[in-house]
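Structures given as structure tokens follow.
Note that chain A is present in both complexes that follow, paired respectively with chain B and with chain C.
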Partner chain A sequence: MTVPEVRQHPEHLEWVGKSIPRVEDPKFLRGRGNYIDDYEVPNMLEVAVARSTMAHAKILSIDTSAAEAVPGVVAIVTSENVTDHVNPMPDFGPSPDKHTWYCLAVDKVRYMGEGVAVVAATSRAIAEDAAELIEVEYEPLEPLTDLLEALEDDAPLIHEALESNIPFQRNFTFGDVDGDFAAADVIVRDTLWWGRSGGQPLETVGAVADYDAATGMMTIHVNSMSFTHFLFLLANTLRVPSNKLDLQPHPSGGSFGAKFFEVKTATIAAMMARITGRPVKFMQDRLDNIANGDHHGSDRYYEVELAAKADGTLLSTRYKVVDNYGAYIQFGVGQHGNSLAQAVGPYRMSSIGYDLTAVLTNKCQQGAYRGFGSEVGNWILERMVDLMARELDMDPVDIRRMNFIQPDQFPYFIPTGNVYDSGDYEAVLNKTMELSDYKGWRERQAEMRAEGRHIGIGVCTCQERSVFSATEFWFWFDEPVAAPVTSAPESVTLKVDAMGAVTATLYSNASWGNSPETMVAQFVAEELGVEPEDVSVVYGGSNQGMPATGPGGSRFTIMVGGAVEGASQSIRAKAAKIAAHLLEANEDDLVWENGGFAVRGSPDQRKELAEIALAAHMFKHSLPEEIETGLEASHVQDHPYTTMPNPERTNLGVFYPFVGHASHVVVVEVDPETGRVEFLDYAAVHDCGTVVNPRSVGGQVIGGTVQGLGSTLYEEFLYDEDGVLRTPSFAEYLIPSAMDSPTLRVGHNETPSPYTPYGIKGGGEAGRMMAPSAICAAIDDALGIRIRRLPATPERIVEMVDAKD
Partner chain B sequence: MSTHDITVTINGAMTSANVESRRSLADFLRHDVGLVGTHIGCEQGACGACTVLIGGRSVRSCIMFAVQADGADIQTVESLAPGAEMHPLQEAFRRHQGLQCGFCTPGMLLRSLELINDNPDLTAEEAREGISSNMCRCTGYQYIVDAVLDAAAEMRAEEG
Partner chain C sequence: MKSPPFEYHRAGSAAEAAGLLGELGFDARILAGGQSLIPLMNLRLAAPGHLVDITGAPDLAGCGANGGGLHIGAGARQRTVELHADTLATAPVLADAISNAGQVPVRHQGTVVGSIAHADPSAEMPAAFKAQGGTVTAQGAGGTREIASEDFFEGYFTTALEEGELVTAVTVDAWPAGTGHGFLEFSVTAESWPIALAAVLIHTSGGAIDRASVVLGGVAEVPLRRPEAEAVLVGAEPGAEAFEAAAEAAATGIEPLSDSFGSGAYRKKLARVLTRRALTTAAERAGGDA
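== the complex of A and B ==
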């Protein structure tokens, strides 16, 4: 595909840009969210999963006799017969046959918590009783959790078929890296560790499956998974025809990536529904979700070099990164595509070296977590820019400012091939400086330090890429052209009924803490001149639905905005024909204004949308022959801008083109004795193009920032050297409380995208993609240390202070 | 499995039931009574999504047995807006977007109600500390604090 046309955005918008109250809120506030665990059907069974107690072991035998004898148990499937019932799970990476993944462990267990059996019973409690009675005989194998040990020749193998623990290794060069390093005056080097955290939404993943043997239809109610255009993959896993699988979406109680194409829960429920012939619910408990939820975040070790001229001009970065994917690798190394989408940050750098090694170990596998790996890239780059500032004795703000890509350089292609559509980074930085009173804080910092207080100020300037295209996945295959250019679509159907009331149908699992219904209501209001609260938003099942991808990669608002725009155009086009007939006017003389069509120059001669809709529904035979009854239109919004990677793998192509930006300034006080970090001030200015609902974007920024804070200071899925998961509950895996969280001052800058409806860019992942960089810089500044490993827990901070003394 | 006859008052209505000894109050409310607004997040008393009020005091219903609630006066989120009008607290949460996914919201509302009933003049600091009993993974808490303060002011005005 070619570069999309530059759009002319409307100058006046009625609804886009207003902080209207969210239309989805009343049901949640009344406790009527219709979450998946609220959904029950008659004759329903519930399942519990028996989990491995070992990190790495051969399964010698499984005895289910005691479990089967428990009254109320209906069916049990174990590692020994799961392959009789289902095919392997979907796997997006190269060589899925080398690390085959089923919904239960097969032949051996590869991490503590992996499922070895599933019990369906008349209640969850009975299923759990029975699961505990299942006896598994194991032959222990040597556990492996350390990513560097996984590279050693004599390391135990996680997947024998792979013949190593390295499912992916390749050294990529984008631009003239050697030349840039040779031209450098200064090179700074460091080793950095990003610890493994995860979304941990308060609601876990669940599914209710029902198989109709008469029709062959498998219906699964889910709170995870979108990708309706990819569901043939799940149909293959379940061994049902792709046209006999229907997913019915339920709002999800938070995701942050953790419900992004989470397919195992639905697979287990569906497998048991077919075996038992009864509806089956599988609702993960918290331990299932933490230990076996397939959505841990990145777990990376970096050796990084940053090259610059003596005046601070940044030239190039060389990354050597090892990523600990755990026992399987469902999305391949897609998380690194996300890092490479914005690998130079907001800075002019002409080359990037990226030596990537993925390893497999005895941990739960990675999935998605808000940022999908790009948040790690941001942190690494900002850590290195801070190190360069220190090396050159420059102010961290000055070195950033002087290297910014300038407003007149957009669209700007970065060395990896992705494009930044637009931006004004200096404007964002200036607003943040003002909002935070940076200069004032530097003065106060000097005074407070004189009193013996450990005050630190941290600054970051980071990118937020938005709207992924799956085309990036082709990059990781060895074949020069793995597949043709693709899309990641989103669809909507708008129906204007006989009364002129509008129903919008969405086709993905769109509601997971973002504001899909509010966004769609605001768009429909803008396009059709109705009130947002009068728009009814419903969700369609996948089988009768249209292609949809759902939230992820900060894509949903832009894509559904395009879908609403397209469907509205079709509705207005038909409405114009009807209005022309009713007004006995020429269609070309009509203008659309204030929710109706008027004759140009005669504003009194007009028909409201409701009048047109009544005619469209009721009086077809009084209308021109070609007009059919009804006023309804659907639109598929395809990815607006994506291109292929090149065969040499020196250019990824365009796959994440709408790139937002943010700057955070953080002021902390740290207690060097206890490692406690207290936030004195937190200012964040974000530019996600045209803002649809400022309050809701503000909420995403604040919530994302607090999640970033969690990954920075507290959260880690910690496995010890024996592969024992040391953080199996919220008592050990510490998510921030209100008392750990700062009060933010949030500002918005708006640099509209030239390529998207209204100029919107994604903003849902932003806070988490910035906070770690700014917070670490502030702690460093407070204590004169350098944080190189996350999370920087209080213990680790105290260790760093002690090591310095 | 032994069972027990219990009688409880839920949102003002008296109910009798026969429950298994091990039935948690949360499961009883959700699955036996059908009040699904009480949510379950961790089942170990850490997250607070299952918070209900018993005699006006907040309780983690996931770590209390239904049989222990025999004779209790229980209030769930469904009590806040029995009709068309929402409670001032719910309205304030909506005005300030003190929720995103809505899963912690019922517990957060009931805990906030307890805080305001205890201290109608609570400060931002007290509101923040007060809700730190309950986890929210979406909002970063800030808009919740704003909502609690605004609701307290509304409720004071209604009282006065």
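== the complex of A and C ==
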């Protein structure tokens, strides 16, 4: 693909840019969201999973006799016979045959919480009663949780077939790294740790599977797997033909990436439905979700070097990173593609070295979590820029500002090959300085410090890449293991019925607590001149569906916007033909305005969309021969801007091209004796191009920032050295509530993308991609310490203070 | 997270509850607010075969001043006790403790006596009760007996109650007018379990402290009285020097365990900081010569 055409965005937009109330609100606020756990089918069974109590152990035997005797138990599948029923689950890593992943542990358990048996019973309570009676005899093996120990020669092997604990490794050099380091006046080095946190949706993952033995059709109602485009992989797991699998999407009570391609829940429900011949529900409880939910986030150790000139000009960064993927690989390769998409941040740097080692250990596997790895890259880079500022005795704002890529340099290709489409970083920073009253806070800080208070101010300037290309799933490898896939499409069908009412059908599982229906309604209203609340938005099942990928990598709004735009163009083209006939005018003389066609220069001579639609549906034989009945169009929006990696992988091509930006300023007061961090102020300005709905994107920024706060200060899936998960529920895995959160002041800057509909850039992962950098800088500033490991728990803060004294 | 099967019984009076407990033995548990017991059952960490619900028993519902002390019936909800004028007058340290426990909706459901009988050594109400002092009224088949707060807590989730006994009420002893109190806890998030807490009371006379109580939570298997700290305080002039010395004494010799919230060493440090700060608050509230 070549560079897409630069768009001329319309000067006036009727609906895009307005904070209309979410069209989803009425159903969700009334408790009529049709969530999966409310979905009931006659004769339905429920399942519970018996989970491993050991981190690493050979399974010697499983005795289900007591469980089978429990009244109400219908079927049990265990580690010993699961391979009779299903194939392995999808694995996007290299050599999937060397870390084979089933919905239950096979031969041995590889983390505490891995499933060893499934019980289907007439109620969930009975299933749990029976699961508790399943006796598993284990032979304990040496547990391994530490990512550096996993690299040692004598480390226990998680997958013997792999013959090491390294599923993939790659050392990339983009640009003249050695030359830039040789030319540097100053090099700062540090080691940094990003702890393992994860998205915590209020609603866990659930599926209701129903197998029709007569037709062979497997229907699964799910609140996971936005990715309908790749469902043939699930069909293979379930041993059903790809055209006999139908996923019916249900809205999800939050995902944050955690449900992106979660296939295990549906696999288990479908397996038990086929065995029992009855509909089966599997609704994870919180214990299932935390221990065995396949959605833990990045878990990384970095050795980083940043090179600069004496005046603060940044030159190059060298990263050596080890990432602890847990027991299996899902689509783990994407997490570092995300880091590479914006590896230089908003700064001009001419080279990047990136040496990645992925390791497997006795922890639950990684999935996606808001930022999908790029939030870690942002934190690392901002930590290093702060360190450089300290080394050069520069103001942290000044060093950032002087290194910004300038507005006239866009489109700007970074050393990895990705492009930044547009931006105005200085404008965002200036707005943030103003919104936060940065200068005023610096003055107040001096006064408050004189009173003995520990006040800190932190600043960050970070990127938010959006709309991933599928190339990032394989550009790590010389020879792509699966296939060098290039497409991640999104589709929509628009139907204008005989009354002129519009129905939009979405084909991915798009409702994750975001606002997909509001976005689509605003786009349809903009394109077809109807009122947003009059647009009916429905979801198609995958079997009759069109290619779709759904929310992920902040892609959905842009992609579905393109799909609506394309379908609307087709509808208007057909409507123009009909209108020309009805108005007895030449089609070329018609103009589309205010939801209808009018004859140019004669605004009274017009036909509304509803009139045209009525003719299209009812009066075929009054219309020209070539016009078919109906007014409906579908459009597949493919990725607007993807280029291929080169064979040497010294350039990865364009794979995440629409790049937003944000700056946060946070003011904290820290209690050095207890480590408590209190937020005095928090200001965030985001630039995600043209904003479709300021209120809803503002909500995304607030939610994402609070999640970033959790990852920074206390959230961690904590495994001890024996591999015991010490945070199995929300009693131990701590998430911030409103009471722990600052009152955010959010501002927007709009630098439209030249390549997307209306100039939109993705904004859904914002907040979490910035907050850790700004909060850490503020705590450092308050106490004169340097945070190098997340989460920076109160205890760790106190230890740093004590170490300083 | 579904509870194992159990049988539900509803007791109309203390005597009926005691009768049911006597009949059912250790397999039965008292259900009051259920804010601790029900989660434990849903996590399958507790599996009682029988629950005896006492929230409908009128003779267990009361709360109020009683002969100079504060009487709290086993059915009295935390929020009721927290806001009760007699609590604020007689046992404000308990009101402070309750206000730190869970969120308001939880406190509308949970009971004070239930929390004390549950005997979690990290919990607020047991520590505050022990700090101010009082008695537990236990009723069993053999009748009623009184247990001093000092003797009630025996270990993790373990009390001096015997098989077949339930707590029908606790009585908190009054302290003289002019007593100052302090209650402070540290938790990582606003809603999470406290890592450590301090409940203190001091009374002064003639410019010196003549009576002091220092109890720590989250640092031992019971709410832990710190007599060494009390000894430092009694006779001393209230002020930073005495409070630092008392805090040091309170944190010396304790050996808290480590868990996912914090190490033993961190708890120990928190114990010292919270004790010092709680004493400072108590001194500000103390009325001086009585």
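We take it that the second predicted complex is superposed on the first by the 798 of 805 C-alpha atoms of A that agree within 3 Å, B and C clash if a C-alpha of one lies under 4 Å from a C-alpha of the other, contacts with A are read in each partner's own complex, and residues count from 1 in each chain.
What we mean here is this: contacts are C-beta pairs under 8 Å (C-beta built on N, C-alpha and C of every residue); 3 or more make two chains touch, one makes a residue touch a chain.
What you see is a predicted model; the values in this text were computed from it and never measured.
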Using the superposition on chain A described above, determine whether A:Glu795 touches chain B (first), chain C (second), both, or neither. second
Who does A:Gln544 touch here: chain B (first), chain C (second), both, or neither? neither
Could you say whether A:Tyr714 touches chain B, chain C, both of them, or neither, answering first, second, both or neither? second
Which partner does A:Asp38 contact after superposing on A: first (chain B), second (chain C), both, neither? first
Just chain B (first), just chain C (second), both, or neither: which does A:Ser65 touch? neither
A:Gly254 in the overlay: touching chain B, chain C, both, or neither? Say first, second, both or neither. first
Based on the superposed arrangement, let me know which partner A:Arg726 touches: chain B (first), chain C (second), both, or neither? second
Which chain makes contact with more of the residues of chain A, chain B or else chain C? B
Touching A:Pro26, do we find chain B (first), chain C (second), both, or neither? first
Which partner does A:Thr2 contact after superposing on A: first (chain B), second (chain C), both, neither? neither
On chain A, what residues does chain B touch that chain C touches as well? 125, 285-286, 729, 731, 735, 737, 739
Chain C touches which residues of chain A in the complex? 124-125, 128-129, 132, 285-287, 673-674, 676, 713-714, 718, 726-727, 729, 731-732, 734-737, 739-740, 793-795, 798
Counting only contacts in the complex, chain B reaches chain A at residues 20, 22, 30-31, 35-44, 46-47, 49, 76-78, 80-81, 86, 90, 93-97, 99-106, 109, 128-129, 131-132, 135-145
Residue ranges of chain A in contact with chain B within the complex: 21-22, 24-33, 35, 37-38, 40, 125, 199-204, 251-256, 285-286, 511-515, 695-696, 698-700, 702-707, 729-731, 735, 737-739, 741, 743-744, 767
Chain C to chain A touching residues, read off their complex: 1-5, 39, 43-44, 186, 188-193, 259-263, 266, 269-270, 273
